[in-house]
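Each chain gets a letter, A, B, C, D, E, F, G and H, in the order it is written, and its residues are counted from 1.
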Amino acid sequence: MSYDYLLLTIFLAIALIFPLVPLGLAWLWARTLSPAKPGHDKQATYECGLESEKPVQIQFQAHYYLYALVFLVFDVETVFLLPFAAMGFVNIPVVGFLSIMLFLLLLVESLVWAWAKGILEWK
Amino acid sequence: MHELFQKIIALPWDQAPQWLFLIPAFVMLMGAAAAVMLRNLIHCALCLTLSFIALGVLFMALGAEFVGFVQLLVYVGAVAMLILFAILLTPAGEVAASNNPLRNFKFSRAFAAAGGATVALLVLVSLLGAIFFSPHARAVVPPAQAAIAPVKAIGENLLNHTLLPLQATAILLTAALIGAALLAKEEKKS
Amino acid sequence: MMLQVILAISAVLFCFGLLATLTRSNAIMVLIGIELMLGAGNLNFIAFWKFSTHPELLTGIMFAIFSIALAAAEAAVGLAIVIQVHRRLRSVNVNRATQLKG
Amino acid sequence: MNFIDLLKRIPEICKTPETLPLEGKKLILDFVTWLGSLVGIAVPPWVLTLVNILVVIVAIIAVFLIMFALMSVWERKILARAQNRYGPNRVGPWGLFQPVADGIKMLTKEDIVPRNADKVVHFIAPIVMLVPALILPVLLPYGRGMVAIDLSVGILFFFAVGAGSEVAIFLAGWSSRNKYSILGAMRAIAQMISYELPLVMSAVIVALVAGTLSPTGIVEAQGGYQFGFFPNWFVFTPWGFVACVLFYFSALAESNRSPFDLPEGESELVAGHLTEYSGFKYALFFMAEYVGMFAINGLLVTLFLGGYQAPLPFLTFIPSWCWFFIKLAFLAFSLVWVRATMPRFRIDQMMQFAWKFMLPMSFAALFSAAAWHYAGRGLLGWGISAVLVAIPYFALGYFCFTRHHSADNRRYLFSE
Amino acid sequence: MTDDALRSELQKRGIFVTSFEDLYNWGRKNSLWPLQFGLACCAIEMIAAAAARFDMARFGAEVFRPSPRQADLMIIAGTVTKKMAPLVVRLYNQMPEPKYVLAMGACAISGGPFKEGYNVLKGIDRYIPVDVYVPGCPPRPEALLEGLITLQKKIEKQRLFGKQLPRHADPQAPAEYPVPAYGPHDLIPPLNPDVFCPKRNASSAE
Amino acid sequence: MTEADGAGAQTLDVSLGPQHPSTHGVFRMNVRMDGETVVKLQPVFGYLHRNHEKLAEGKSWLGSMPFTDRLDYICPITNNWGYALAVEKLAGIEVPDRAEYIRVIVGEMTRIQNHTAFLGFILGDMGAWGSALMYAFREREKILDLFEGLTGARMMANYMRFGGVRCDLPAGWLEKARAYIETYPAFLDEMEKFLTGNEILLSRLQGVGVMSAERAINGGLSGPVLRASGVDYDIRKVDGYGVYPRLKFRVPRGTVGDCFDRFMLRILEIRESIQILQQAFAQIPQGPILNPAVKTRGFKPPVGEAYGRIEGPKGELGFHLVSDGGEKPYRYHIRPPSLINLTLLEEMCVGTKIADVMVILGSIDIVLGEVDR
Amino acid sequence: MNFPGSGIFKGMVVSAINLFGSYFDRAHAKRLITEQYPEERPTLPEASRSFPFLVFDGDPEKGIRCVACKICEKECPPQCILIEQDRDENGKLLRRPKVFNIDISVCMGCQICVESCPFESIRMDNIYEVSSYDRFDSLVLPKEKLLKSNEYYHSIHPTEAAETDARIEAARLKKEAAAKAAAQKMAAAKAAAEAKAAAEQSSQPESQA
Amino acid sequence: MTLTPQTVLDRVHAALPQARIELLNNPSPSGQHSLLVHRDDALEVAQFLKNDPELLLDYASNVSGVDYPDHLEAVYHLFSIAQKQGPIVLRTRTGDRSGDACLPSLTPVWKSADFQEREAFDLLGIRFEGHPDLRRLLMWDEFVDHPLRKDYVAPEDYEYEPTPHGEILAKISAPASQA
């Protein structure tokens, strides 16, 4: 167990360092051989070739939030489902399975509600 | 040289992983600190995410791997996104347009901030005092045990002992979904 | 020793959360602070579970799991309220939210 | 033990392809021990553990990077062939050095950070993108006994860590301060969270049947052959097939592949969240996308296609890890094939597809799997299960799609 | 540079530097990603060059990038009008170095058949430096491929060390070129004298 | 009615183009979006305005012929035809029969080629990774080979002359063309199998950009876009120019008027064109190809004006010519189908998703050379 | 077979046919039509054209057909031909060009110069590999680069060249015949004129009177 | 009924006797004679032409502006899709070329005239009154000239041309234009 996590820890460290190496190399390259040349236009925001205006404040629509909301609820649901999954059908009696189904049903009901309310409609 | 090497490898390195949990703890605290201090809301939310990740890792390091992953899944995957979306949905651009000059008075805000900080500090001091110096702190604590929270056992526990809370959670979640959706849903324009 | 260290860490985390809730005027920051405090609570659950005499009972774990679920629901509703308030007042300042009553 | 002995073991190891990687690892460990004996140190076990870990990590990263490089040229070649062209074929033999050339160019290209961008976040986004993608493959069982770590919550790990890429895409899009970027990022997140549910659900179904969350356990549960020749893979059961297809499509969506490549959908959003990335940062995104794609398809292989199991009993002489990579290559091929065929979804249709088709179907597959299990995992279960997924399939298909869109509902008039 | 001078130069630099440069140039020349950008009729032939019959992909140059940030090569395929010219220059400016411009077709080179028009730019090289000119109206796809090969040859010869540095390796070289503005009658300025340096060739006028 | 500016906080202005992957060239649309829904769309033209009309006033009548190639550069030959037809009207020139048949043959082949490329382009607008486009271009290459064998250039044919065509069919050309057209239906079947059943394509095209027949007529739509709205109007039938009255073909028209109808209409038109071609191959007579009365140099039509139009692949391509009796046109105006078909773009797009804008634009099938001239 | 998803399935089959078909298309006719350009060149059809060139017979100096009549310069729609007539040492204009530039960076390959040239001098080439690093020196083709022999012309457009030759030959014969006829006519006219003059001379005084 | 300019003219005269409209002869063999409407009556006449059940000229195919020495004209080529007939050529004439270059816009009647009228405004400077959105169509907004007018002088931007012609050659050899 601790071996697994040790490996993961080291892997995490290496994975963090890994992208830094080429980025560092690229930085070195830019320092020595091919100087980066910033410029007004070059560093402007790309806008299909048009002159970019000020950075835009985009007002988003609420449906992004609604999707995230529904997702959150079902995500939590899967959190409770996973321990059952680890038990497997073999260890779950039919009655137990039915009670899980009840749990699911309550959530599916909310999905149906969301569907009917048009929350799943992208606007 | 050789001896030094020998000495170094003879150190109790095997024990080291036990204390590795300090790394995520540190990251977590830094993240939380940044989340509280930074001005840019998105940065705050990102630091909060970092802090949550570290917290999840900390759970794992303490042997509660399932809870740790659940923390990652729920907080990083969903809650963080929810917070980010919420921030983007509520641009703070017009906040300054408060028409009450007193509200905008810097001094009052600084005062409030100082007060809040004092309260937080007091709480911290008393908590730390309780942890380290209260009589209970000297009570015998059983030694840390090997991680023992197999997912299967959690499942059995859920099925056998906490079935009712589980259904209650389902109802709660449904209610939360409906409530939040109704709140966040845009009213039809005319 | 380890238990104390963990509890101390959790206490610090809790206070960061408290700090955010008390000092920031942005409602979302308040929610962020609450999330931090809940995280600190979870950390305590886990710590006490780990150093309990009967860890195989999983009480702390179960608490933590349910607590995470509740916290998620809380965040969802809280943020939805913030969005609704913003839509009404064009502001997420908690000081101004007092205008909401009535 | 001496060096010669170690050398002598090499040909021996090569003769046992089944365990070749494992034996290779052992050889390296022995080599370290031997090195220690040279300087007169009894290598302590923790050093060996460390070396062991490093070998595993380096091997995984190396394998996946090579696969990424090969895939990037292979994809272009397959795509070209599907379009009746040759594809890259002049850079090195059969164009195989194309990724090298691309890499050199990317590395030496100027790196532009837009003035308005959030510089720090802009910098860390590709790293945040790459880290989870690199870590994911550590979970996969590549062959019999060949798994780096075997977590009991393996599948959960997958989804938990995979959530990191959503954050990364958000970082990339938001920090660029570009309309197209942020819109692309928001789309990407909306898409990824929508498809994560069917993804997790179909994995949960498999776990329920296999009774474990550990990838190795799941692969083992698919071992053996029905009637002596028919593999016990989950994809060959009705619920498993449906779950597999759901997983496949969700995996496409999660890795932003066509036809779910809306975030980068260049017909509307230029290059989505990548619009402002140049130089090697762009390459890192590219790499992360591909490694993540391999990882998630590796999981698909593990969950549904029997992992390292051979498809037919008499094919078991081919080492198990080969089977894993053959299946993975087949999936990678199919991805390109899909990409060569399909137009892109529209965002609302894509979301509807996720919530109104995939999610209900995954519930249906869950019921179907339960029926299959409680009916005794036999022919009867097979039949019931098939019916249980077919009905919702046709119902939802009609309800969500055919009702609205069909080529048959059109009439064309002709005038002489 | 004469051959002898070249040879001695090479000896001075040593084999390592040259092979290093060669590797660098080899990488760049085989991975020319064009900006997805078509202006007029020539763009159709550009598509044809990327399509099945001619298959630009064989040279590793089929990755048309929609964003200039990831592009190496700007194929100006078609008429650059005065209304479009500022945008072309800006897009060029937004591409990261090293970047190349291939003027495809008569219009991009000189305004072509439309050069007498009031809204037609008489050659994009008035504002940005062009590396390779591919004449024709439109050039056959083969001609575009040939232009690409010509460009590859040019890249092959570029050196990182020494006196005559290519633009991307030269710290003194300008980072970007000024974008003309829309004026009441014409673009302002009508050309960029730093870039546009016509040689009065002797045979055209006494 | 302009959208209330109070809603400004909710909307986002995005400019699509001029450098944009799927605007078919340098076209720009200023789109105001509410979420992902388009509430306002303003096309911006002129990024490819090449002053064709002005230039033509300074060139001889024939000198404008090669410029018409570059109008709609996907189908140069029909542009030639339109111009030649207008000048023939203006000067009252007869065209020999063989030339008319050759015109029909190359014209219909151009139509096939244009519609095939359309299938590829619209798939590109929907975000397919180019396979359909590549197949379309694969077939287009074969037609271009035929064109090159006949006119000498792959695209810019400069083939028509006032009173006929520039050169006769080379030996063996007709057989090659016939043999190739024989294989075309098979390709089209394959393409249909590839595309028309595809659920994604159906859901992207059906019900998108619906245009009623009445609005379509008022907005001046023409060609397949008009017919997709259910209007039975084909200039080949109505005007009966060339030898079309002698050829039997049907004019398909849609019933819904959405993008899918426009898409299908192209396929149906290709099939009809194949019919026309087969008849033309069978009927083409021997004879002169150029009216000998027409001079190449110093051509001067009489004073007056004329409007001549043909059914181009994209719609009604008209030329309005005013002559003052000189060597150069006094006024030379083109009625470009692409530009006028865009008149209703905003009407089609408002209320749809941003991704649909591309598909609608693609379904109209514009070429910027013609839009901006 | 019309279950939901069947259309996608059919599409996949078609792309698979194309994918694998391209590996088995040895003839490069249907599924893999790619020509590998620098190695494999297209066989251009006879009519193929790109830029104009000037035909000469025999010697590039003497055999040049162009008479510098500047008709093509005038007719060329984008005005990309520049001709200067040659002069002899006395400043008398000669019937050959001194400068003959075609700017192929402008030329649209329209062939109108060819059609308008009455002396069968300018013809369309089919070269296309003319890319260059410089627009001013290498893309303005001077006379020296434009002049190509009649044999070359025959090699790229055999039918057309043969027709041209025949026409030239016919014209030459006709001219000769015409010259002969003219000579005869001239002689006849002269005779007639003389006769007339004589007649006039005799009648003039009367009219004056 | 077959639509010829004469029949159309008769119907318009019958229905709108006060409308100033006349038949202009076209000498060319095309025989497309046109109806010249006074600009003040144009909108009314256009409405009539479109809606009259006998005429039903529902399709304004082409709109072009023409620059004549002393006035500008807008020419509309009308077709009837319902009756499959046409073209009927309708023209309106401005007062002069600069100060009074106004014409009524027919876009409210035929939407298809929208872009074409904008184009005529852009390139010829005809102001169409009643046009919903009269902006430049092709040139940029800062542009002031109307290039399609006969008296338009293009900017002299021939700095150097590889094959210069006549006056251009003179221009570049004169030192003044070098600046």
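As a working rule, a residue touches a chain if its C-beta (ideal position, glycine included) is under 8 Å from a C-beta of that chain, and two chains touch if they have at least 3 such contacts.
It should be emphasised that the depicted structure is a prediction, and the values quoted were computed from it without experimental measurement.
Undergrad: Quick one: how many steps at least from chain C to chain F, stepping chain to touching chain?
TA: 2
Undergrad: Which chains are shared contacts of chain D and chain G?
TA: Common neighbours, chain D/chain G: E, F.
Undergrad: Work out the mean Cα position per chain and let me know which chain is farthest from chain E.
TA: When every chain centre is compared against chain E, the largest gap points to C.
Undergrad: More C-beta contacts across F-G or across B-C?
TA: B-C
Undergrad: With centres defined as the mean C-alpha position, give me the chain B-chain H separation in Å.
TA: Here the centre of chain H sits 71 Å away from the centre of chain B.
Undergrad: Nearest whole angstrom, what separates the Cα centre of chain E from the Cα centre of chain G?
TA: So the centroids are 31 Å from each other.
Undergrad: Please tell me the distance, in whole Å, between the geometric centres of chain B and chain E computed from their C-alpha atoms.
TA: Distance between chain centres: 54 Å.
Undergrad: So the centre of each chain is just the mean of its C-alpha atoms; given that, what is the distance between chain A and chain B in Å?
TA: Here the centre of chain B sits 18 Å away from the centre of chain A.
Undergrad: What parts of chain A, by residue number, touch at least two of the other chains?
TA: As it turns out, chain A has residues touching two or more other chains at 6, 33-34, 36-38, 42, 44, 46-50, 56, 58-62, 64-65, 68-73, 75-76, 78-80, 82, 84-87, 91, 122-123.
Undergrad: Residues of chain B that contact two or more other chains, please.
TA: Counting only residues that touch two or more other chains, chain B contributes 66, 70, 73-74, 77-79, 81-82, 86, 88-89, 150-151, 154, 157-158, 169, 173, 176-177, 180-181, 184, 186.
Undergrad: Which parts of chain F, given as residue numbers and ranges, touch two or more other chains?
TA: Each of 12, 16, 18-21, 36, 46, 49, 51, 54, 66-67, 70, 131, 134-135, 138, 141, 156, 194, 196-202, 372 in chain F touches at least two other chains.
Undergrad: In their complex, what parts of chain F are in touch with chain A?
TA: Interface residues on chain F, with respect to chain A: 9-12, 15-20, 28, 34-37.
Undergrad: Sort out for me which residues of chain H touch chain E in the complex.
TA: Within the complex, chain H touches chain E at residues 138-145, 147, 152, 154-155, 157-164, 169, 173.
Undergrad: Could you please specify the touching residues of chain G with respect to chain F in the complex?
TA: 4-8, 10-11, 13-15, 18, 33, 44-49, 71, 75, 77, 108-112, 115-116, 124, 159
Undergrad: Taking the complex as given, what residues does chain D use to touch chain A?
TA: Going by the criterion above, the answer is residues 49-50, 53-54, 56-57, 60-61, 107-116, 126-127, 130-131, 134-135, 138, 148-153, 155-156, 176-180, 182-183, 186, 189-190, 193-194, 196-197, 200-201, 204, 207-213, 270, 275-276, 279-281, 283-284, 347-348, 351-352, 355-356, 359-360, 363, 366, 369-370, 373-374.
Undergrad: In their shared complex, at which residues does chain A touch chain D?
TA: 3-4, 6-8, 10-12, 14-16, 18-20, 22-23, 25-27, 29-30, 33-34, 36-38, 42-48, 55-56, 58, 60, 64, 67-68, 70-71, 74-75, 78, 81-82, 84-91, 94, 97, 104, 108, 111, 115, 120-123
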